[in-house]
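You will see chain A twice below: alongside chain B first, and alongside chain C after that.
For the complex of A and B:
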């Protein structure tokens, strides 16, 4: 699968980045392509471009807060999960993304 | 979109699921506002604390014992002013970004304006008060709903371009502003009423008074209830009764100190992020900023707020029994130079913080769903 993801937590200093790392590691291990945008206290980093979102099979929005520029994902197949879930059970999240 | 809770069985009654989903969303909106306001609290709080420390160190205080920056060097005056401005942005930024999370860009104007109004002191007789943190939370949600409501109205194509820049801002900000102006004074009056009630208590048991003040100070962490108790303590200083402020001063710092301590005492019950927030809370507690507890309370109010209330009640009672007096209308270990009975003051703070930490950790232990524990320990 070709996956795009966004992670965002309230304080934006630790969980945002830990969840991003978990998703990246797990997706690579399972042979998926993935790019993860983080929306932490520093703002948007590793920003997803419109072309990347359009080309993706599925988007994973792992956020405990409202994410910025969410309208970008209006047209793509997507699942919404909490940051905790992406952190603890990245396999489960990816499985759900596959059948979403 | 059923959101993140895929463990929730889909067979739940439809309305219950809807309510749960709405609650989850509203929590997300509040947390979004909090995520934007945390740096403002930290910046303003710390700058003000630096200036206050300087003022107390060099005994720059006015007749009421409040820090008086007019005699301070220009840099200290400037730090106090800059910090104060950052702090004043707290209600507007909180309300603005709650509304932004709900309604997108059109939410910003009514949210910011409503929040700004919530920060305006309301004169009631000779006293004054503002709606602060709680007012901003409420008005941010109101603003978001109002804007979302307006967005749903059918609009002729001709008018569509002017909707976001003229019509929505005006149509939303006017009712939101009116609502905030309307609830500002009642909230202020409630606070003043509480103050009068406390004054009436004075003849009664001082310890009961201390417990009530402690509970109020912790209840909304720098909001109107907290400020009502605080202003009462400050007013008592002017009347020559410094023990009331002594009890308040001990209660003011135990919520952030206790929660910070809790993250140190039982590391595995807290996420890596909460442990970092705990360090920041310890810092804010030392300089007497109750707001340091807000990041914890916002995400978990039903366990955190009772814990910090109990801790602050303990701290205030011990301070009152120990005859602690505080000459300055500010709390926390930072005012130690202007406190009478310093050892009792420190003992009160320590006891309150330990009680807070034990309460929250025990409550987490008893109520934590096992599923939330693993994974957090990985880092």
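For the complex of A and C:
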């Protein structure tokens, strides 16, 4: 599966990155391709380009706040989860993404 | 022709007419010659409405119907004024008080751990920090030495004349205290006391006792106190009974006024750990107490700058003001904890309360220990410039602490304390002993002794100075020396003689004319000559300097420099005079702000022009005691600062962390600012932000915390101990705010509480390893044994630190990394593990 994801938590200091790390690690372990954009205190990092989003099978929006530039994901198949969920149960989130 | 008018009203005050509303009413009635009577229709009692004691004795309670009768020549005007007052102001004259107490008892301000602990909390206003524990005890009472006769000897007329003079002096003293009292509660208490001092019923009773029973003032006051107390107690209303204390205090002050504090002041013998509760306490009374057992003070009224508070601060004695409703606890003499940090008195000490204060003690001791490394002389800035930090003291007794705290010198020894609260000035010998003791204790370090700064707001009864309308702008210090030349010469002789015992520097306050300095120097020369011919030893090279605290002096530096050996900036008064704003008036806090660009430019001018005149310039005001402002002062060119004793170590720590080169550039930029806000912004953005995010100092292994609340307190306390925050409770609040979104436990026995707040000076990472895991409430059954605290400043966020935090967050998702942190218990090793993985 080719996955794109965005993580964003309220303070943007810790959970944004923990969730990103969990999603990346778990997806790779399960043989998926993934790119995770983080929206934290440092701003947007590892930004997703329109072409990457268009080419993706699914988008995972793991956020506890409104994410920036959400219109980019208007046309793509997507699931929305909390940061906590992505952090604590990344396998479950990826399973849901696969059947979304 | 006598006119008579009446006004009917119902008492709407929830607490009835106690002393404070009564004194508000008296302030109106006393303006008219008409007689005014207050009738309580419930009891039929008629009281003189010009007498506070009369009004409160009428025992008017909530809902009582009352009648005010006005009779006399100006009855119409009086009636108009009084009906206006009773309709519009009277219903609200207790509100400010009730509100100010309610605002402070807001439980939201309490630290979370203490809120959970369940003790009985009495809020107050903290004036000296620290924690003290002991039994509550009343610190006042009328104790006249038996030596004073209860019968008069010189005839009733003379005695009455003396009494009337003392009553007027007392009223004037309250008047003057009122001008400097900023707290609402303090003001209303002072007004109530003033009203009693001028109460016609009180005065009539005293006169009668002197005339009819041949009482002395002492005898009459004792009789009056007993009489009016009984009246108050008989009313049965709790609030009125409390006023017995007010009455006792006024009587006490009156006797002090007549016989001097030595004859009247009560000697309290403390035999166990005690928290003293006193409506007022003179510096002498404080000094007479056994400090071994004295653990805290609760004062009814005391401004932050009162001498008693300055002394308490210097002794590190936790002190509160404005605590109300302690009578039951006082009568029972219960054990209490005085919390000068949060501004609370806690009774009903539960296990939780005990634990909270155990942790508080740990925090304060930890801070003292951490600061110890800076308690050495000759601190150098990070770029190698020596910055001298001295201590301000008011008594020779404090001198011992000066050396133990590592201060380089005594930069200011205020001698006023020797002159206050007594019937006659101190003799030369007494002064000499005091100064010599300080010099001997300091063993060769210099001691700058300021000649008496008396008069103005520090009136002395034995000088018989008239009350001034504007005491700060008046007749004080060097200005009144010529009139009291004998007094000045006595002090100068004591100082010259003491100069043989160490390095004494003499400092003259309030200089604004070169002639004042010339005159003082002439006196010094004359006294030195006399002592020389008497064959007494002294230091002929004793330095003489002046306080730069009146702006005029700042424009005479070259001329002053020719006369003097050194200059010392008194920042409080200089700021007050320069900005034309009374420092005790809270409405002027924007004007009385040392960070305004104009004032910074003035300081810079004084330092550079003083230097150009070849004279060292130091600073000994309150401004020097704020560690966060130190770089600014250093940047303005100051390398010699003297601060209150408890601040010495913190200022030394700030000096060690400061870079003089950076400070100069900071000072130059702040002087170019137009507003205080811009200066503050520059200050906030400066400072030693380059310090490491973490270090062995910030690693705690084997923590005995037993709950999430304790852990959160422990990590923020660590930031306080290491000087990374001055306000751990506010950092704690920010962390809890973040925890409220969702708990920061993420499984595997780890939690990462975090927040962004400018209440930290430095971005920080704290690692705590718990002896026993605690529940974090992140997910059900989420027990945590390793806690990593991440705190970032909000403004001027450092990207490289955010980067480190995000790296850490990612690393924590790796079980191998977590296992390393779980296994290792040596702080140094833990730091290197972090460093290796984070590439800070």
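To be clear about the criterion, the second predicted complex is superposed on the first by the 100 of 100 C-alpha atoms of A that agree within 3 Å, B and C clash if a C-alpha of one lies under 4 Å from a C-alpha of the other, contacts with A are read in each partner's own complex, and residues count from 1 in each chain.
Everything that follows uses one rule, which is that a contact is a pair of C-beta atoms (placed from the backbone, for glycine too) under 8 Å apart; a residue touches a chain by one contact, two chains touch by 3 or more.
It should be emphasised that the depicted structure is a prediction, and the values quoted were computed from it without experimental measurement.
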{"item": "Fit or clash between chain C and chain B when superposed on chain A", "value": "clash"}
{"item": "First, second, both or neither for A:25, with chain B first and chain C second", "value": "second"}
{"item": "Partner chain(s) touched by A:80 [first = chain B, second = chain C, both, neither]", "value": "first"}
{"item": "First, second, both or neither for A:64, with chain B first and chain C second", "value": "both"}
{"item": "First (chain B), second (chain C), both or neither touched by A:88", "value": "both"}
{"item": "Touching partner for A:96 - first (chain B), second (chain C), both, neither", "value": "first"}
{"item": "Which superposed partner A:41 touches (first chain B, second chain C, both, neither)", "value": "both"}
{"item": "Which superposed partner A:10 touches (first chain B, second chain C, both, neither)", "value": "both"}
{"item": "Superposed model, chain C segment overlapping chain B, candidates 727-735, 763-771 or 817-825", "value": "727-735"}
{"item": "Doubly contacted residues of chain A, that is, touched by chain B and again by chain C", "value": "10-11, 13-15, 18, 41, 64, 84, 87-88"}
{"item": "Chain A - residues contacting chain B, complex", "value": "9-15, 18, 41, 63-66, 80-82, 84-85, 87-89, 96"}
{"item": "Sites on chain C touched by chain A in the complex", "value": "738, 741-742, 744, 746-747, 752, 754-756, 779, 790, 792, 797, 799, 802-803, 805-810, 812-813"}
{"item": "Chain B residues within the chain A interface of the complex", "value": "1, 3-6, 28-29, 31-32, 34-35, 38-39, 100-102, 271-273, 276-277, 295, 298-299, 372, 374-376, 379"}
{"item": "Residue ranges of chain A in contact with chain C within the complex", "value": "10-11, 13-18, 20-22, 25, 38, 40-42, 64, 84, 87-88"}
